[in-house]
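Okay, so subunit A shows up in both of these, paired with subunit B first and subunit C after.
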Partner chain A sequence: MSGRFKPAVKTYTRPVTGGWWKENPFYIWYTLRELTAVGVFLYGVVLVTGVVSLGIGENAYNAWRAALTTWTSLIFHLILFALLVYHSYTWFKVMPKTTPQIPIAPQTIVRTGVAVTTALSLVIVAVLFGVTR
Partner chain B sequence: MKRANDPIFWSSFGAGGMLSALLGPVLIFITGIAVPFGFILPKSTLSYANALAFAQNPIGKLFLFAVILLFLLHGAHRLLHSLHDFAIHGGPREKLWFYGVPLTLTFVALVELLLVGF
Partner chain C sequence: MTAETNTRTIEIDVLRYDPDTEAPPRYQTYKVPFQHDTSVLQGLQYIKDNLDGTLTFRWSCRMAICGSCGTMINGIPQLSCHTFLRDYWPKKLRIDPLEHFPIIKDLAIDQTDFLNKLDSVKPYLIPKQEKPISEGAYLQTPKQMEQYYNYSQCINCLLCYAACPQYGLTPTFTGPAALALLHRYNADSRDVGWSARSDVLNSEDGVWRCTLVGYCSEVCPKNVDPAHAINQNKVNSTLDYFGVLKLLSTVGLGK
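Up next is the complex of A and B:
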């Protein structure tokens, strides 16, 4: 254990078990929010495998593409998508608490963040739709 | 006092969190849901020729590198700090793994991105 959270004086430390977060809905949502990091990390890994297969050659890259057309991959990506949407929403929801004091209402920051993400996503899909037609 | 490397990882956590909040859902939708099944976007969007052209373009290359580096570091950093919540108190060994794995994977991707040419 690192000494970082150890108090200097010998005070009573309440024992903490790994299952505390199941006790309250608020903690469950908090834990889900932190676990969206698994989704962000795994999508990074998906991209690494794609880039590596692209570097190896056409056959390897087409095998990577084929793997993405399976049901397992679709379900996996739907879960990743849901996790990233929740990450995106909570990222902007927490933002008013993490930024320095600025004269903007917290709800405005959250709404702007969600609006910008939605608009940007639609524009990217629309542009891709346009250039691939 | 020993120089801390924490600021580097906290800022990459912030940058990765922001980038993945803005682009994560749409990127997953495009590469994992829409294109592989020809839903809204054609399957040929991610053909070998298109993907290669994207990876050879300097901006495309930089984009892929930035997304991979920041997504991996954000995810790993956040998980490292969440271990504490599950009564696992991370020390130097955990740090080595939680920063070593994302940096190694990014390095592999960077090498491939440079090898596909410009």
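Up next is the complex of A and C:
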């Protein structure tokens, strides 16, 4: 950045290597947080495929539903679910950093977010289970 | 037990760089005697005074106030006066200059980039109306002070910049300390400088370059929490983009 302060005439700049994220456990957890977003994206792709197949017609929709019941699909979904849960947790973990200056302890914000989401998720699962039975 | 019998010896690898030669930086190992209360800074001072007078490093207050002695200690950005050799013995200790900054000599880094960024955020009160000293101080309540007090504790030690991979990858990023100090003044009830600072805050190299790694707040020796300052301003920046901040100020809810 240019400005009124001028840099030293001769310096040595150390390069940032491609493996920077492995140099500190904090960076590894951060990278994992970002990588699990790919799982969330893939989950979205599966759901959008369902919506598109519904738009195409009954046969396409039934084929999509049948594909979901295969073992490959179930294992794939279990992996995606684990990635989604972890990624969601990281969002709550950083939530205190995004709120305005409020007199509530950061841990309280995280725990409340996780508790409310867990409760709502269980309610939604219960309602869906009741509706689809 | 006497202090003499408590003395142990630790090996310290220090990164050396001499701008008068073309040679790249290299590590030099020193054997440093220490006691229970010897800080890493005191270890460096022992080297300078007794082993190698050519070693260059910055220091001043020795009590985590001035922010001069920041270094990478075993890869972690820390104040060397606030870190103790006993916590690393019997293993070796590695000391590097603060990451992401150009090296002037040995452990002394070039702070110019930060100084210009600090300058760009106008780190001073911009009051609605200047008044003469005879009219007294600009007053505010303790509750109003709470809004920015935490951020005013920054000592410009630059540990947060050394901890920020985004700054390392994109040096044009305004960075944690400068943005925390920008927020410190924007959050001050006596200040009306939002629009004067908004170009820096709203730009791609402002708050939006931050990906919330959050390590800046972890390493801060004064618990300033730059990550919080930056990320709450992503909301403010969005409100500013859609004109909501202006709307709020017209009805007396914003500044």
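As a convention for this text, the second predicted complex is superposed on the first by the 119 of 133 C-alpha atoms of A that agree within 3 Å, B and C clash if a C-alpha of one lies under 4 Å from a C-alpha of the other, contacts with A are read in each partner's own complex, and residues count from 1 in each chain.
Throughout what follows, a contact is a pair of C-beta atoms (placed from the backbone, for glycine too) under 8 Å apart; a residue touches a chain by one contact, two chains touch by 3 or more.
The structure displayed is predicted, hence computed values, not measured ones.
Trainee: By the touch definition at the top of the document, which applies to A:Val85: first (subunit B), second (subunit C), both, or neither?
Mentor: first
Trainee: Subunit B or subunit C: which reaches more residues on subunit A?
Mentor: Touching more of subunit A: B.
Trainee: First (subunit B), second (subunit C), both or neither: which does A:Phe26 touch?
Mentor: After superposition on chain A, A:Phe26 lies in contact with subunit C alone.
Trainee: So in the superposed three-chain picture, is A:Pro100 touching just subunit B, just subunit C, both, or none of them (first/second/both/neither)?
Mentor: second
Trainee: For A:Val16 in the superposed arrangement: first (subunit B), second (subunit C), both or neither?
Mentor: In the superposition, A:Val16 touches subunit B and subunit C alike.
Trainee: Touching subunit B and also subunit C: which subunit A residues?
Mentor: In subunit A, positions 1-2, 5, 16, 20-21, 34 sit in both the subunit B and subunit C interfaces.
Trainee: Can you name the residues of subunit A that touch subunit C in the complex?
Mentor: 1-8, 10-14, 16, 20-21, 23-24, 26-27, 30, 34, 94, 96-101
Trainee: Show me the residue ranges of subunit C that touch subunit A in the complex, using the header's touch definition.
Mentor: Contact set of subunit C toward subunit A: 17, 19, 24-25, 75-76, 99-100, 102-104, 110, 112-113, 115-117, 119-120, 146-147, 165, 168-169, 172, 187, 211-215, 217-218, 225, 227-228, 231-232, 234-235.
Trainee: Under the touch definition given earlier, write down the residues of subunit A that touch subunit B in their complex.
Mentor: These residues of subunit A touch subunit B: 1-2, 5, 16-18, 20-21, 31, 34-35, 37-48, 50-52, 54-55, 58, 61-62, 65, 68-69, 73-74, 76-78, 80-81, 84-85, 87-88, 91-92, 113, 116-117, 120-121, 124-125, 128-129, 132.
Trainee: Okay, in this complex, where on subunit B does subunit A touch?
Mentor: Per the touch definition, subunit B meets subunit A at residues 16-18, 20-34, 36-37, 40-42, 44-46, 48, 51-52, 55, 64, 67-68, 71-72, 74-79, 82, 84-92, 102, 105-106, 108-109, 111-113, 115-116.
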